[in-house]
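One structure, as structure tokens, below. Some questions next.
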Amino acid sequence: MVKLLEAVEISLTMNSKKILDSVNLCFDRGINLIAGPNGSGKTTLLKILAGLLRPSSGKILLDGLDITMKKAHERVKLGIIMAPERMKLPLSLTVDENLRFCDRNRAYEYFPELKKISEKKARDLSGGERQMVILARAFAKNSKYLLLDEPFQGLHEKIKERIIKLLEEEGRKRGILVVTHDELEKIFSMSDYICVLTNGKLLYAGEKEGGEKILKKFFI
Amino acid sequence: MLVSIAIRILVLVLLILPVFLDCYTKLLAASALTLAIFTVSWLYLEKDLGWASLGHSIPFGVSAYLFAINPLLLFFSPLTTFLLFPLSIFGKHTFPFASFVFSVFLWYLAHHIVFEGKGGEEGFRAPSINLDLIYLISVTILILSCLLIWKISNSYFGLKVKAVRDDEIAAKAIGINSLPFKVFGFAISCSLASIAGILHAAIFGHVSPGVFSPYFSLFPFVAATIGQGKIWSSILGSYTVVFLSWFLSPYVPEFHYAIYAVALILASYTQSYARSDRSV
Amino acid sequence: MLEVIEVSKMFGRNVVLKNVTFSLKNGILGIYGANGSGKTTLLKIISGFEKPSCGRVFFNGREITNKAPQEIVKLGVAMAFQIPRVFWNLTVHENVLLAARETDYTAEICKELNLEDVLFKKAKEISQGKVKLLQLAMCFALKPKLALLDEPFASLDAENVEVVLEFLKKRGSEISMIITAHRTKILKTIASQMLEIRGGKIVGSS
Amino acid sequence: MISLFFSALIYASLALCVLLSYRVAKVVNLSFGSIFTLGGYLSVFSLFITPIFGAWIGLLLHIGSKRMDASKATIFSLGIAIAIEEALRILFRVENILLDSRIFYFFGYKLVFEHFLASMISATFLILFLAFELKKPFSRLKLKVIEEDIENAELYGIDAEKARAIVLVISSAFFCSIGGLYLSGRVISPTIGWLYMIFSLFIATIANVFREKAYILLLPTSFGVCWLV
């Protein structure tokens, strides 16, 4: 059976140091969770899936189609959207201009708070508001697959809950891949597929049941 | 290992051989020798401090001019450090280009330097010294500067300089104040470059605005690229550039610029600059 | 020993620390909280890498609020960064030697922290876990009176966690420490005092 | 006075090219000087081939330095600059050439026709870009995203490489054609372009201080600098 997104034997070597070591993963519809300690290669893996980095070896398949050599903007057209971490967004653009890169009305539907600050420049926003813009842009664009890197950073509890609800809803329609430290337990209970990375190696990948033990031992 | 020994022997032969040859070859060898000192000074700045300067002709040319205007001004040449050092506020990535642009700016400015009715595009007459004598002095200075740099970079003090190169914040975290070490490194490099400039002026007995031209500002970079960043092979590299351009320029005008173009384009594919900036 | 009085820090409009006040006499202080709660900023303010927007910091009765980091180090406060900052083009031995200033002490610390097998390799060639150990070694090679350790256990595997834990327990009797972590389990085993920080404010202590 | 105004216009548009290639293509393009000189030499044959040659060199620059970071790409452009200079030296054995020019009178002022044409082209270019900047069409937003961070732009679904190629090609073609026009009436040598490049680089650096307003304030800056010099 063809999975939605597959990573086959992905390895990455930078400065003669192995950052990822033959990682095999296949993600499907629903919520998928990647967990692991800092510096274990989670963000690198996400960047490879989004096309920002090219793996030293290995293949990436979307719906059975080889997209390893495609660049990030081509992957966006094919349906892979990524929300980067650390509040990275174009700061000189206003919120409204930022949301012109996706379905604007849908974005305001998801996050009505943004309507009030739509004319502000992203530079003048607080951390939580910036994170909301990033997530709004990612969610409000039609895609097959969504990659979220630390989506809960700097957000209020209320909005966190809303995002978790949103994740649950959207998870039925498309595939979502979440990398997170915060709210690990909640995301864990929602997710269908779990993988755990340490030092660039895959410790566990598969159903939730088997992963619980490993995850508990390491993080909770 | 064998190759490096062979290179050292070759350099020594190149240093000694011109003593027995005619005046013309000696002049050529002496000019290559000053440029070798120039390259060594640049290499110290690039390797131990991590600042690749594409405007090293600033200390070189300014002190040559000072020497030509009045030989006693020679003692001010180490102060040229303070022409180059302020450019380091641009950061390691922009410094090469900032210094290059500044040197080209000086190149144009030098056309307008007039002192006691002399200067301008013609340049100044520098006091000329006996060629044999100056050749011996140059050889001595080259060997001394190599020894000096070897000695400094292997000492505990040199270790601190290298630490500042690698990570200034980490250096502060273990109690090393980065500024004096940076200034010291620049001062060593600029002083050696100014010595090279003074020797250059003394050998030809003449200084023109050409000392600020891209030929000199890019010379050490190109020589080091040919020598792959090693001290002895870079000296060999500077000899190569000088001799090749001298012998081939009757056929191709200013042949060294062709070497430069090739070396720069190749270097942008192979070498890495600002080596200390390493993202984790 | 260390007193932090009403320290606040703002980056533009973002308030990272809000009126943080605590003091430390001796022993090991553990600070825990989620990512982005301001732990790292607090340590950076104490060690001088960041200037507080307002508030003061005293060490052994002397004010160190606006001193440069290299001066604070000389007073005896050493910092180990979360994302290791070491000299990547120097060997492990040279790295530690720069901090320790004497060869014997360097060898001793490297032995204790299990760095002996990579002693003459360049820092950029060794594994991430070893770099983390190296960062710790450089911090303690300075012979500090107070060590600030930012997430010393993060990105370490189980074996190295043991090594670090052993080392910290041994040194804990002579040197005061402030250790941050976002998980409390390991921290509880060594810390004599705990603070919880959330959204830039201290919300609990035990 | 009027010639000052004209040269300010020309330098402003040249500085715009420098600024664009620095911000969008992430390269301090040091080969502009040589491209300028190349334009001067080409204008001996025909003025119409100058933008074509400029565009070709822009494309070469883009392809050669595609996957390089800023400093390597700049070194690459310096290499190209020297290569062009050397090629000119080999092809035109005579070092100095006097380009001919036509003179005409404009409200009693004596003007060189080519300079007048160059400044008109620059003015058009500036006005078009200013309209583009102030009206903020979607493509301007895309350009702004690229200016800030290429990775982000890729994630926003923007083809950063294409934009880079377009900017380099257009700016090189512009430099080349302006060089062809503006150098007429002067004695040229292979190194003459450096001066113009350094001057426009200087204006661009000053304008760059104004960050987001840089494009709008380019013309006043250029006017001020020209007036001072």
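Just so it is clear, A, B, C and D label the chains in written order, and each chain counts residues from 1 on its own.
Just so we're on the same page, contacts are C-beta pairs under 8 Å (C-beta built on N, C-alpha and C of every residue); 3 or more make two chains touch, one makes a residue touch a chain.
Bear in mind the structure is a predicted one, so any value in this text is a computation, not a measurement.
Common neighbours of subunit A and subunit B (chains touching each): C, D. Among the remaining chains, B is positioned farthest from subunit A, on the basis of C-alpha centroids. In terms of their C-alpha centroids, the spacing between subunit B and subunit D amounts to 31 Å.
Work out the mean CA point of subunit C and of subunit D, and you get 51 Å between them. Averaged Cα coordinates give subunit B a centre that lies 43 Å from the centre of subunit C. If you average the CA atoms of subunit A and of subunit D, the two centres end up 41 Å from each other. Residue positions 124 of subunit C are each in touch with at least two other chains. Under the contact definition stated at the top, not a single residue of subunit D touches 2 or more other chains.
Subunit A has residues 15, 39 in contact with two or more other chains.
Pairwise, the chains that make contact are A-C, A-D, B-C, B-D.
Every residue of subunit A that touches subunit C in the complex is listed here, in rising order: 15-17, 37-40, 124-127, 150, 153-154, 181-182, 198-199, 219.
On the subunit C side of its complex with subunit B, the touching residues are 47, 49, 68-70, 73-74, 78-79, 81, 83-90, 94, 97-99, 124, 138-139, 142. Considering their complex, residues 50-52, 71-73, 76-77, 81-82, 84, 88-93, 97, 100-101, 137 of subunit A touch subunit D.
By the touch criterion stated above, subunit B contacts subunit C in their complex at residues 159-160, 162-163, 165-167, 169-177, 275-276, 278, 280. Per the touch definition, subunit D reaches subunit A in the complex via residues 136, 138, 141, 144-145, 147-149, 151-161, 212.
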